[in-house]
Amino acid sequence: MSRKVIGITSGFYYVDDDIFRDHKITGICQDYIHAITRAKALPIAIPTFNSTEEDIDEYINIIDMLILSGGEDVSPEFYSEDRLQKLGRTNYLRDTHELLLIEKAIENNIPILGICRGMQLINSYFGGTLYQDLSYVPFETIEHIQKERPEVPTQIANFDKDTFLGNYFQNEVLINTFHHQVINTLAKDFVAVAHTNDGIIEAIEHSYLPIYGIQWHPEMMAEKDNEIMQSFFNYIFNSLS
Amino acid sequence: MSRKVIGITSGFYYVDDDIFRDHKITGICQDYIHAITRAKALPIAIPTFNSTEEDIDEYINIIDMLILSGGEDVSPEFYSEDRLQKLGRTNYLRDTHELLLIEKAIENNIPILGICRGMQLINSYFGGTLYQDLSYVPFETIEHIQKERPEVPTQIANFDKDTFLGNYFQNEVLINTFHHQVINTLAKDFVAVAHTNDGIIEAIEHSYLPIYGIQWHPEMMAEKDNEIMQSFFNYIFNSLS
Amino acid sequence: MSRKVIGITSGFYYVDDDIFRDHKITGICQDYIHAITRAKALPIAIPTFNSTEEDIDEYINIIDMLILSGGEDVSPEFYSEDRLQKLGRTNYLRDTHELLLIEKAIENNIPILGICRGMQLINSYFGGTLYQDLSYVPFETIEHIQKERPEVPTQIANFDKDTFLGNYFQNEVLINTFHHQVINTLAKDFVAVAHTNDGIIEAIEHSYLPIYGIQWHPEMMAEKDNEIMQSFFNYIFNSLS
Amino acid sequence: MSRKVIGITSGFYYVDDDIFRDHKITGICQDYIHAITRAKALPIAIPTFNSTEEDIDEYINIIDMLILSGGEDVSPEFYSEDRLQKLGRTNYLRDTHELLLIEKAIENNIPILGICRGMQLINSYFGGTLYQDLSYVPFETIEHIQKERPEVPTQIANFDKDTFLGNYFQNEVLINTFHHQVINTLAKDFVAVAHTNDGIIEAIEHSYLPIYGIQWHPEMMAEKDNEIMQSFFNYIFNSLS
Amino acid sequence: MSRKVIGITSGFYYVDDDIFRDHKITGICQDYIHAITRAKALPIAIPTFNSTEEDIDEYINIIDMLILSGGEDVSPEFYSEDRLQKLGRTNYLRDTHELLLIEKAIENNIPILGICRGMQLINSYFGGTLYQDLSYVPFETIEHIQKERPEVPTQIANFDKDTFLGNYFQNEVLINTFHHQVINTLAKDFVAVAHTNDGIIEAIEHSYLPIYGIQWHPEMMAEKDNEIMQSFFNYIFNSLS
Amino acid sequence: MSRKVIGITSGFYYVDDDIFRDHKITGICQDYIHAITRAKALPIAIPTFNSTEEDIDEYINIIDMLILSGGEDVSPEFYSEDRLQKLGRTNYLRDTHELLLIEKAIENNIPILGICRGMQLINSYFGGTLYQDLSYVPFETIEHIQKERPEVPTQIANFDKDTFLGNYFQNEVLINTFHHQVINTLAKDFVAVAHTNDGIIEAIEHSYLPIYGIQWHPEMMAEKDNEIMQSFFNYIFNSLS
Amino acid sequence: MSRKVIGITSGFYYVDDDIFRDHKITGICQDYIHAITRAKALPIAIPTFNSTEEDIDEYINIIDMLILSGGEDVSPEFYSEDRLQKLGRTNYLRDTHELLLIEKAIENNIPILGICRGMQLINSYFGGTLYQDLSYVPFETIEHIQKERPEVPTQIANFDKDTFLGNYFQNEVLINTFHHQVINTLAKDFVAVAHTNDGIIEAIEHSYLPIYGIQWHPEMMAEKDNEIMQSFFNYIFNSLS
Amino acid sequence: MSRKVIGITSGFYYVDDDIFRDHKITGICQDYIHAITRAKALPIAIPTFNSTEEDIDEYINIIDMLILSGGEDVSPEFYSEDRLQKLGRTNYLRDTHELLLIEKAIENNIPILGICRGMQLINSYFGGTLYQDLSYVPFETIEHIQKERPEVPTQIANFDKDTFLGNYFQNEVLINTFHHQVINTLAKDFVAVAHTNDGIIEAIEHSYLPIYGIQWHPEMMAEKDNEIMQSFFNYIFNSLS
């Protein structure tokens, strides 16, 4: 096959209908699909379900890269904390499914990109921790759930240029922001390669494995013709062997 | 790989949120995923987008079977009729994407199962037509959008036993029903293998290709432990070479 | 025990809450409870669930009378008809549960009172049929879903005085009305003991068993101090041995 | 009778309909019914109404065990406190009805299990007090209204093994959590047999009477196939003489 | 007192609030109040309740004129018809209260003006009948529930000039329209003094008593500066002795 | 006339309808009407509008007592304070109208009863002040917007027996509570005759004029058969000369 | 000035907010603005208000072309018909304002383009009539309110090539459709230059004045990159002297 | 032309409709239009879009004055601050469009009036800053989002009489208030000409250019017949050369 196959994880949605009220939808934001197809790769939506190791092995077998999409908060059990009062909605079933995907992807040398929740899950998998809500951060922070259209950048991410992600984004890049949780302790073997002005980590990468995490939503900016964000997907996919 | 890879098509959903109002969700009912995984096959959700032949070739390359899932009415342009007043919601983008999937699946000998809208699309692809609404059917019909829980059967489908589908379902089987359109003229080379008592076509199959269509939703019945409907998926997947 | 124990059947309700969306409520209108307790009897709400004969035997063992409360349409399967287009919401699970209750109540000589849906279910159990919607009635009918407060009577029921129910209600009584289905063929061994002016059956009773059905809602009128309707419950309970 | 009869208390619900707006529903979550019937006991829903001692005597006469279900906050009048600003919705009518049930159950040696609000009511009946809202607890607490599906455990309850409940749950058990009030002073003659890590009481039992309270919702976990929680109901019912 | 006291009848409204759901509001459209006060008369809102003759005598004692305001359909019992399927919302309590007001007003020579429902009630009191819905009218009718702002006239009422009302409105006047019921047989001793082009009665008056009825809503037009409609109220009030 | 005429003030309500969206309803809670009529007095609803002195003189001329009903916050301009951030919804038009009613009632020796907002308005008229929100009270307060059904008392009001109101209520009485504002400085010539345990003023009366204010809602308790609260209205009306 | 100034008419919208409920928004669909600006012309939104001839003269003075945008039904008074029962929402104020704009535009030789309602208003201005609803058309019609995304064409308009509009659209063009009214008698001096297959008029133009009307919404198709529809605006604007 | 042409800026609105969900409305509150037309000037609504310098030049060419209307918060990027947590909804596209309008208006000597957001944008353009929310103001403030009808004044603005605006409003004027942001540092060359009692800036003007800003909404007060506010528009327009 000529196109890279990109496996992307899904969340749950509901329809407002009395008869179908307990039949949920598994889906993802169409913006991811467009970002991937515009970059000439092939998107495969991996549904979230009570998966087994065998299921996961098969998915990993098919894909060239794994994208962990945005969504609910990571269940704090996965970074060994009690749940605090300002924790948001969690999805334990999705956590276990996606952590298994991470594990198998690593075993099979499949690169991983985590977006928003995806980055937070990667950090948790490798032993890092999260602040369960921005209000728990012990220093002053700026707005991280923007009340602007999603394609409009509202912050600057300052990058360390000597990194895989920094090589692309250079010194700084304008980003959007939609999260109420942030990284607290960075996972072992990871480098924080970008921060906002208030010190929040905006991007991470593993020191020697092809595992990347970004806290903002480039696919929503790409959807509305932001070329830097669209080309980021091309850059990532071109790096795949 | 040991598991059959089942490509399943998706629809669009929206979230109620002013800021994200024009960012749609591509997704499918989780019941399909469960029906497939319980049958020990691997579900791949194929997103709906403005796809090219190359995209479709790649999907067909990966999958062992194509399931066309339920959803909007087929655009009457595809069976050469004007749109009538009682036509329901259509999704032209999805139609063109899925018709291309059908075309390429046939070219590559990939079996196809159409469910509800899926069966109607297959019939349209092969030159058949639909009644745009039950009220246009020139004979008396019974209720075809049931106001019961989706797992409860409310009709009998009478099968012709000497067919692939009839071989499984035998003479008759209890089914659910959620559609306002039905087949009018059956496509060339297709056989109507099941009907309800009022004469509505409930299942079709191609005379020599592995292409099947059923009008009801077995996956919703399987979701609530209906064994006949769950085993139907196993039966279909076991038939894959 | 000095008080009569009245078993009353329940329906399903839902709460508007994303997290609890598939956890349903089993409940009944409080008006029944008040009508029963004001008549110095003891109300026992029998939940609707996937019951077994053993469960039902136990309930019958405890109660002195069975009240079948109002609710969804009876599934036409139980009177051997196909479902027609204007059929309303059905609840097959509840039908099977309540039909078992009827069967066991009869076996154990427990009197039965059916209200609205309850009367229609009794008629179906004994072989009668229903018009699936008022519009299927072949003669002119008046309003049977009133758009008035439920305690206000909007019709006259004309009774045959020489019956158990007519003995109480005498020649005529003012009633409320909230139904879209009506009896078509009366069940064998039943007598239609009351009609509205348009000829719709408003009350039935078995020729020799203590089984009664009324089409209106006396408990809603009793709730707002209608003495005829409240005393009807006293009359019924006093008739219990 | 061979099956144990379990009386379970009810709450109030409303339907969205202008004409029926002041006709309330008395009901309970179906999960309790399923937990009880899977344990081969017989559920009797006891409606909430303005009951008299005679009504209550009759209910107690019928049942083998009383389950006090979840619901509104206990009215602080019943533990001799003024109502504070963060008190939640209360239901005084239900409080008086259920306190009478407790009183009569004790008089007649009927065992009692209180769940969530039920445990809090038991504690109030016996002279204990509640914190009217988690924010009034004078030490740091974790999340006690989980934003996860109800069947997913989000906390550990640490049990004292030398107790009736601890004998079943052993040292620790994973629980769900949906409450904003907690026990402040434990009632006389009661033992706190389980706590979460932050010190909140999760289970109590009387020193010599068969009266048990648990703060979480085992019936919601049992509903989704949690065997420890389902078997807890079997364990309790088996203990009934 | 120098100002005429105008008693005006009220309807019921509800507030969306769980706690106050069964506490209704008694009220009337503020436009009536403004029309009356601009005409230098004094508006007295007469609440709708389960009134006695003594209550009504007192109200009649205070007022110089009675205005019967718009609202629900008249209960067909008051013109000796069964309720038909397209009858709208009724308010029996309000009917009996207002019919008593009419009776006492006549006894005490208090003039009456009926607006919309008010005119229909007057016609019923005096033995006339209504078409329960426009669709029951045996000839073709135009739109009578306008989908325009209420102050915009959408019809012409053609008046008989030799009448009290025609003396004011002259040959024709532009009116608004918001009703689904119309007069069928006119009450004895009444004259139909205005019609729309399709033959619907738009105004009536008694042959010798000061009792007037109009089918449209002059107060809504007066509210938005329609001088003909505002002066109509001045004309009526000036006619009071 | 034999019955006392009670003038009661009104608020504004809206209907959900695009065409009538700017036509408001003037109305009051039906509970007041019932409390007055059960006490054999005659309720006259005084609409709120841009009234003149002449309008008010006429109303005062008709009535034997003025009841100022509950509703929005008093505009702080009337007690010479700036509006603070937690001030609630105000209704300046209603304030000016009702203050004129107070002024004219006093001039004409018409007794006044203020309920909730009514008491707060009386206090403002006579020069007293309010805390614009409970959170501005400089001492600890209990819940004053109860989350219980309105007829259920949730507090004790402790009365000074040597007063007009205390003569009726005696030492203490159980009350409901639905307000977020409370009296700060009591108006000149007024006596605070009742308090809750936290020190909030629950009733006031003028030292020598027949002007009374109570902070709770007796009419809502009377509506559900609370005899103390119903008889309070009889007591007040009997005191009228 | 180098750019053509395009005056475009507006409709009314409301915001859901109790305080601002009677403050309306005057606005138009942004798609018109984009279609105009992409064609390098300058859009001027002309608000709808109770305008005078002088206001209208000034607007006409500024603009090079008038676009009458889509919206409510034309009030039938303007084509001398009574309002029929299936007439939709009208806006009389907007009609009078826009008819004045048409009159003055013609007087000043300003070209006019009417879209949907705009075309219907032009036809009414010049003496033509409309079918007030599709169901009044005396022949069979197809779907004219499409249930597809607005940018997707669902019909073919067949053009007469020897006309100004046909010169651009050629023989046939794919169009969308969102209207329930259609032209009945064409206005004098107008030519119907396009029809759908069922015979409905889709475009008109004046025989010698630069006045054009189209029944569909080209601006919505242009918004989603339909080049034929975008270039139509360029074609029109280029024709302006 | 004899009338002054007033260009007024617009915001975005949405309609609740699945099919049109991503087609937005560009509009403004009708009150501005009425205030302008009553002052005998001509309102031109300038749509918000992704405008170029050429577009803006053309608009400036047409208008005699620019009014910047109310709306979202100014994006803090335009006064060089990070976005803080309590920032409200922003509209970056509108900011850039309107800042360009300001720039070109100044270049062409077109006077500017900023209302609410408009004043805040002017201050930002000239280098001033805003408090992103009232809670960030370091001194005590009063209510600035009134919960009263918009035409009712709830504050006093104290003016400096020796200014253009003070010349009109004199020492003090009663104003309404609907904003959660306020000026922090005043822009260079601007004078704060009015304050509320808590020290918040309510009006500004440039020292030598015809640029004015007011924080409240005079057009909403003018809409309901406030003459001071209506005449303010006449005063401003009369000052235009």
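Which chain is which? They are A, B, C, D, E, F, G and H, in the order written, and residues in each are numbered from 1.
Here is the rule we use: a residue touches a chain if its C-beta (ideal position, glycine included) is under 8 Å from a C-beta of that chain, and two chains touch if they have at least 3 such contacts.
Remember, it's a predicted structure, so these values are computed and weren't measured experimentally.
K.L.:
Are the interface residues of subunit C and subunit D largely the same numbers on each copy, more than half shared, or largely different?
P.N.:
Over half of the interface numbering overlaps between copies: same.
K.L.:
Could you give the separation in Å between the centres of subunit D and subunit E, each centre being the mean of its C-alpha atoms?
P.N.:
It comes to 56 Å between the two C-alpha centres.
K.L.:
Measure off the straight-line distance from the CA centroid of subunit A to the CA centroid of subunit E, and report it in whole Å.
P.N.:
From the centre of subunit A to the centre of subunit E is 65 Å.
K.L.:
Roughly how far is subunit A from subunit D, centre to centre by C-alpha average, rounded to an integer in Å?
P.N.:
Centre-to-centre distance between subunit A and subunit D: 41 Å.
K.L.:
For subunit H, give me the residues that contact two or more of the other chains.
P.N.:
In subunit H, the residues touching two or more other chains are 147-149.
K.L.:
Please list each pair of chains that are touching.
P.N.:
Applying the touch rule to all chain pairs gives A-B, A-C, A-D, A-H, B-C, B-G, B-H, C-D, C-E, D-E, D-F, E-F, E-G, F-G, F-H, G-H.
K.L.:
Write out the stretch or stretches of subunit A touching subunit H in their complex.
P.N.:
134, 141-143, 146-149, 152, 154-155, 197-198
K.L.:
Applying the document's contact rule, which stretches of subunit G touch subunit F when the two form their complex?
P.N.:
Residue positions touching the partner: 14, 18, 21-22.
K.L.:
Considering the complex alone, what residue numbers of subunit H touch subunit G?
P.N.:
Against subunit G, subunit H makes touches at 1-3, 5, 10, 12-13, 15, 19-20, 23-31, 33-34, 37, 42-47, 49, 51, 54-55, 58-59, 61-62, 147-150, 220, 223.
K.L.:
Considering only the defined contacts, which subunit F positions touch subunit H in the complex?
P.N.:
Residues of subunit F touching subunit H: 75, 77, 82-85, 87-93.
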